[in-house]
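What follows is a group of structures, each given as structure tokens.
Same chain, two partners: subunit A is paired with subunit B first, then with subunit C.
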Partner chain A sequence: MMRLRALGRYIDRPSLIAVGVIVLLLLVGSFYSNNFISPTYLLQQLQIGAFLGIIAIGVLMVVLLGHVDLSIPWVVTMGGMMATAAGNLGPGGTALAIPFALLCGLIVGTVNGLGVAVLRIPSMIFTLGVNAVVQGLMVLYTGGYAPQDRATGLMQWLAGERILGVPNATLVWLLLALLAGFILRLTPLGRYIFAIGNRERAAYLSGVDTRLVLIFSFAAAGMCSALAGVMLAGYSRMAYQAMGDPYLLPAIAGVVIGGANVLGGRGTVLGTVIGSLLITILLSMLSVMQVPDSARQIAYGVIIIVMMLISGREMRTSA
Partner chain B sequence: MSMTPIDTNARRIRELSQAPFLQLSGISKRYGGVTALNSVNFACRRGAVHAVLGENGAGKSTLIKIITGVVRPDDGHMLLDGQAVSFATPADAMRNGIVGIFQELSLIPDLSVEANICLTSPPGQLGFINFAAQRRFAKNLLDRVGCGDIHPGELVRNLSLSRKQMVEIAKALGRRARLIVLDEATSALTGEDVKKVYSLIERLRNEGVAILYISHRMHEIAHLADECSVFRNGQNVATFANGEHTDSEIVRMMIGRDFKHVFPEKPVRTKAPRPALEIEHLSWADRIKDVSLSVDAGEIVGLGGLDGQGQRELFLALFGVLRGVTGTVRVNGASVTVSSPRKAKSKAVGIALVPEDRKTEGLILPMTVRDNMSLASIGRYVQRLMIDRASENAEIGRQVERMSIKAANTDVVVGTLSGGNQQKVLIGKWLMTGARILLLNDPTRGIDVGTKQEIYALMRKLADEGTAILFYSTDYDELIGCCDRVAIFYDGAVRRELDGDNIVEHNIVAASLALDAAAHSDEGKAAK
Partner chain C sequence: MTNVRIWLAQNYAPILAGLVFAAMFATYATKGSAGWQVAVLDTAANKAVALALISMAQTLVIITRGVDLSAGMIFIMTNCIASALVTGTPGDVALGICGVLLAGALAGLCNGLLVVFGRLPSIIVTLATGSIYSGIALAIRPTPGGSIDEDLADFLTSHLFGAIPTSLVLLLAVVLLVWVPFRMSVVGRHCYAAGSAESAAYMSGVSVSRAKLVAYTLSGLLSGIAGLFVTFVTYSGDAGATIGGAYTLNSIAAVVIGGTSLYGGAGGAIGSIFGAFTLRTIDDLLLAFGLPPLWQPLFQGIVLLGAVSLGAVRIFRLRNRMEVFQ
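And now, the complex of A and B:
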């Protein structure tokens, strides 16, 4: 009991519940096949989960402010396409492939931030519009076909290789999580993000530059999505149309399952990491068990709703 | 005092008990280990205004919550019109004709006034709302509270705080109350609206409604009440007819100790004045009209006048919130352009604003005392990109001690503190920025007497240390007691500036109503 309480200082209840659900899923899975609790399988989940996890960290930055970023699908795709395109422009392009893709993500994210912070357009509308614009730009660029460019070696290494048995993708995810945690917990910027998410007007009247904080968060989210696109292209060795489409809802769900309040002001990086992992494992198990696609969708949806009910109730009782 | 309070108390309760409308006997309520009410006897009758006094935490709120069905007592009986009652929910109490009007506004900002008034039971049939009937109903009630000028179709969002409170009262009236509880219902009101509430209360009393009136404003109680009950530490320590005790006797009963000076003494000004803040020809839209005003270092200047005469806008303009402000603002002689709150708090300007609504504009209630206090000054504690917790905590500790903020520790969520302590946290936040010019927008609203006194003392202490303070208050007593000078606003302009012995209620009221300084006003009598 004492130990649990000490643990509670580092991890909040929704995250703890999510951990419990992950353990439960794996235990149930182990009756089906021992593979589900093998280190190989788990490491593989940490690798696959990194793509979703990286996106979710960006989503967290925006959700903490009480906003949402619906431009994820095509910013991810753009990240992949721009990195592979740059990677095939000679040696200089190969070196700059990843920075260039991140820059593109930064630019789109900043545009999102400007729209929300300066033009005061609700993020749900504005980022949806930006998503469509980016989609149009990418279709224009590729002509609607799968681009033939190969991912660079570095991209493939980051997404597919391992160091001492640990997938590099997982390490990138971990580093990004540490950086986000550092910003949120230890810097003024982090305080401002929570303050704005809880009560933007009070933060503004305290002299916080609320616009700058909003723009930062959206820009960070754009970069995270682009990074995930880079890694995804590295993993598949190429970029392809709509490669970001499956990630929007799982990323938001992961953040919320991890205890974040969709209305802003509450959430943790640790919770987001755990939430992303839960969804990754859930999806993987459903597919390994060869559940028919229809049933898989239903099970996936129901479990996410149930998890949200649990963490939602949590929020009401502790508020 | 020659009489023993207990004897008179018992006598009084006995008298009331002859025809009580509501009678509570032996009511107790505990929250965990804390006793909120300890075997309380209380009675009130129809056609009378019964004032309930006491500091925050004395048990008033619990009493009201029990009467209005929000909480259930652990012990004791409640008789309504001679019948034993026990309310499970507020709706239950409402069905018995008990209606509460609270300080916390229960209105929905994005609905119209009429929709708010008819929210729970709109007129109509089969689930369809009869909009014409709804408008008539709302119009009727608004007329009754003397606010026929509020259009029933207006969105509540667009009304001032004072007008919202009037709508709240109209809404309560729509419920055929036999007993109305007004909990600090006038604290957001000033001038005209307060008068409307006064006359409404008198009308309701004549109609035979029982009224429970909770207020921290002594002169309101002196003016309105028939009976008074004083609560302290969860007990009804005295019930007596209004006028039986002097204000200072009542205050002594409330706080259980001697209550000497409500307001700190005003210093005699000896040094040559050094203007810290000079405002010249400031205008904004049609709400601020060519305002010129200066505040010396060490001076407390009050802003008076009716609510909504541009005082709030003046603060927002000085604090950089409003766009399109014209005119000159000088700080310590240097002209400044304040384009945002961030500029306002910068070293070069050093203006702080304690805004009107502590709960939505001033503090971030779900966050901790620490996060709130350092929010405006966090940049000072950054070392190598990180917040230096040690120096942050040290400075917060100093402020907490200086203002004797009562919180278990600084990791407590601000929303759990009492109103007075919340306000201290808010003031402390701005003191931490090192601002030398303080704009205080009604900082004592809804705060108990003891804490009010502490805030007055703090204001004077800050002024003595050289801070220039602009202080808007809706309470005349505060303006008279605290301020070295008072500027009365009317229709966006300074109507009159009062200083020294001219700061008396009569002059303030006259100027607030834009009357000739010599004109007579009833309100002058209430001044002491």
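And now, the complex of A and C:
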């Protein structure tokens, strides 16, 4: 009993339900094909899921504040494009490819943060505008075509290779999750993030520099998206237009299925990891079963709603 | 005189949006290579009215302090339904139109039921239902196609009395038949109350649930009208999810430009219409001024970002830092 309660401290009800759904999905899938419970398939999911998972951790940082980041699609694409572009500028560029892409993500994220924290424009609309600007910059830079630059060896190694059978992408995801968990649980900054998500006024009056915290979270989200872009480009060996488009909604869905409150103040990194994994496995199974695209989208929507109805009932509906 | 001043103070955002649009459109029409021509007006109106209708739909939900991420998806779903149903004898066409509008309203009602009785945040509900609606659209039209009654389509997308685009008349009719009665009604007032302070409204005896259900259903209906209208423009149905997503995002931008608060409880559909017109005119203006096509997305982005940042002026006039926290 004590152990169960100790476990309960680390995994909340929505995450447990999500784990249950993952197991259920895999069991039902195993009737269709034994492959679904083979280690090869599961490891592959952990590898593909890393891209979504990394983005989702960034989304969590912002969602915990009660905000949302709609600039993800083109920040991801920018991360991929800038990394491959820098990687083709000689040896120095190859070495700095990943840091440069992350720096770009940091800059865009900081701009998001400034708009939300200083100008107080609702994040939904400001990040939407930033997304359009970044898209404009990338279209201008590439001329509208897929850039010809190849991903550097390090990018390909990070996204595609394995150490002792474990995909490197999964390890990156795990490290990032540990870092985010550390920040959120064990640092004052993490406390401030939850405090602002619950009641920004109170946090401000308690002496928290709310602006800095907001800017930090958006900058972190921008870096996560750029990192995912770097790894995606490494995985497909090059960057291409709109490569981040399919990740926005699944990332938000993953965070929410993992038990985070979109209005802020509640959510865990573990839940987000589990939620991203659930979405990845769900989409992958539907595509392996050759379900038509239409039915796949309907199933995707229905499952999100059903899961939310089960696990999100106690959410407050107004701030 | 004071009445005028109060009216101006209450409606400055839609008036500003209207003026910006008028200035931009005048520039476009005089600078544009085509000049003032009926055909130019028709095309411009047709392009703008679909977005204007979706922005109205978005406004209704945003007033209740929600957001409808499925508006664009209801739009493409009804577009696909219309491309299948609105053909044949006049009777078939009429029935088909009813079916399309009913589908839109039903989709909106589903959103509303999940938000009200599922007690879920609207952003998540509409994210999920949007996926469902785009799936339905794709099931109806796996590839773009279909057809629509062409006589009716030509009538609705050309002009009346030689110069007035029919689409604008249609938009006016929708405003008069849907928006104005809603705004005047008790239920409409309740929507504003629910968006402004939900618990206070509930304590005062406002049926918040009913108000929200009405807002979401009407919103779905308006998206449905937009879907029907775009079928008249393109003569076909297209289930492209990216189109739906773009319309959803543009509709939110139009609502903001039109002066409706994303925090609910203030604003209106008239401003959103001008917001939508402004957004569409920006595209045309960039073309008319011969901006290289590669620069266009960047300029559209900068204009969009600039337009929404205008709302920040308020922040620099506040005397009390606490008022910053909405």
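By definition in this document, the second predicted complex is superposed on the first by the 307 of 319 C-alpha atoms of A that agree within 3 Å, B and C clash if a C-alpha of one lies under 4 Å from a C-alpha of the other, contacts with A are read in each partner's own complex, and residues count from 1 in each chain.
By our rule, contacts are C-beta pairs under 8 Å (C-beta built on N, C-alpha and C of every residue); 3 or more make two chains touch, one makes a residue touch a chain.
All values derive from a computational prediction rather than experimental measurement.
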Partner chain in contact with A:297 - subunit B first, subunit C second, else both or neither: second
Subunit B versus subunit C as contact partner of A:245, first or second or both or neither: second
Contacts of A:201 with subunit B and subunit C, given as first, second, both or neither: both
Contacts of A:191 with subunit B and subunit C, given as first, second, both or neither: first
Residue contacts with subunit A in the superposition, subunit B compared against subunit C: C
Subunit B versus subunit C as contact partner of A:256, first or second or both or neither: second
Partner chain in contact with A:132 - subunit B first, subunit C second, else both or neither: second
First (subunit B), second (subunit C), both or neither touched by A:40: neither
Those residues of subunit A which subunit B touches in one complex and subunit C touches in the other: 201, 204
Residues on subunit A engaged by subunit C in the complex (per definition of touch): 68, 70, 115, 118-122, 124-126, 128-137, 139-140, 143-144, 200-201, 204, 245, 249, 252-253, 256, 262-263, 292-302, 304-305, 308-309, 312-313, 315, 317-318
Of all residues in subunit B, those that touch subunit A in their complex: 319, 321, 340-342, 344-345, 353, 355, 360-367, 371, 374-376, 378-379, 382, 385-387, 429, 433
Interfacial residue positions of subunit C with respect to subunit A in the complex: 65, 67, 114-115, 118-121, 123-125, 127-132, 134-139, 142, 198-199, 241-242, 249, 252-253, 256, 262-263, 294-302, 304-305, 308-309, 311-312, 315, 321-322, 324-326
Subunit B-touching residues of subunit A, taken from the complex the two chains share: 186-188, 191-192, 194-195, 198-199, 201-209, 265-266, 319
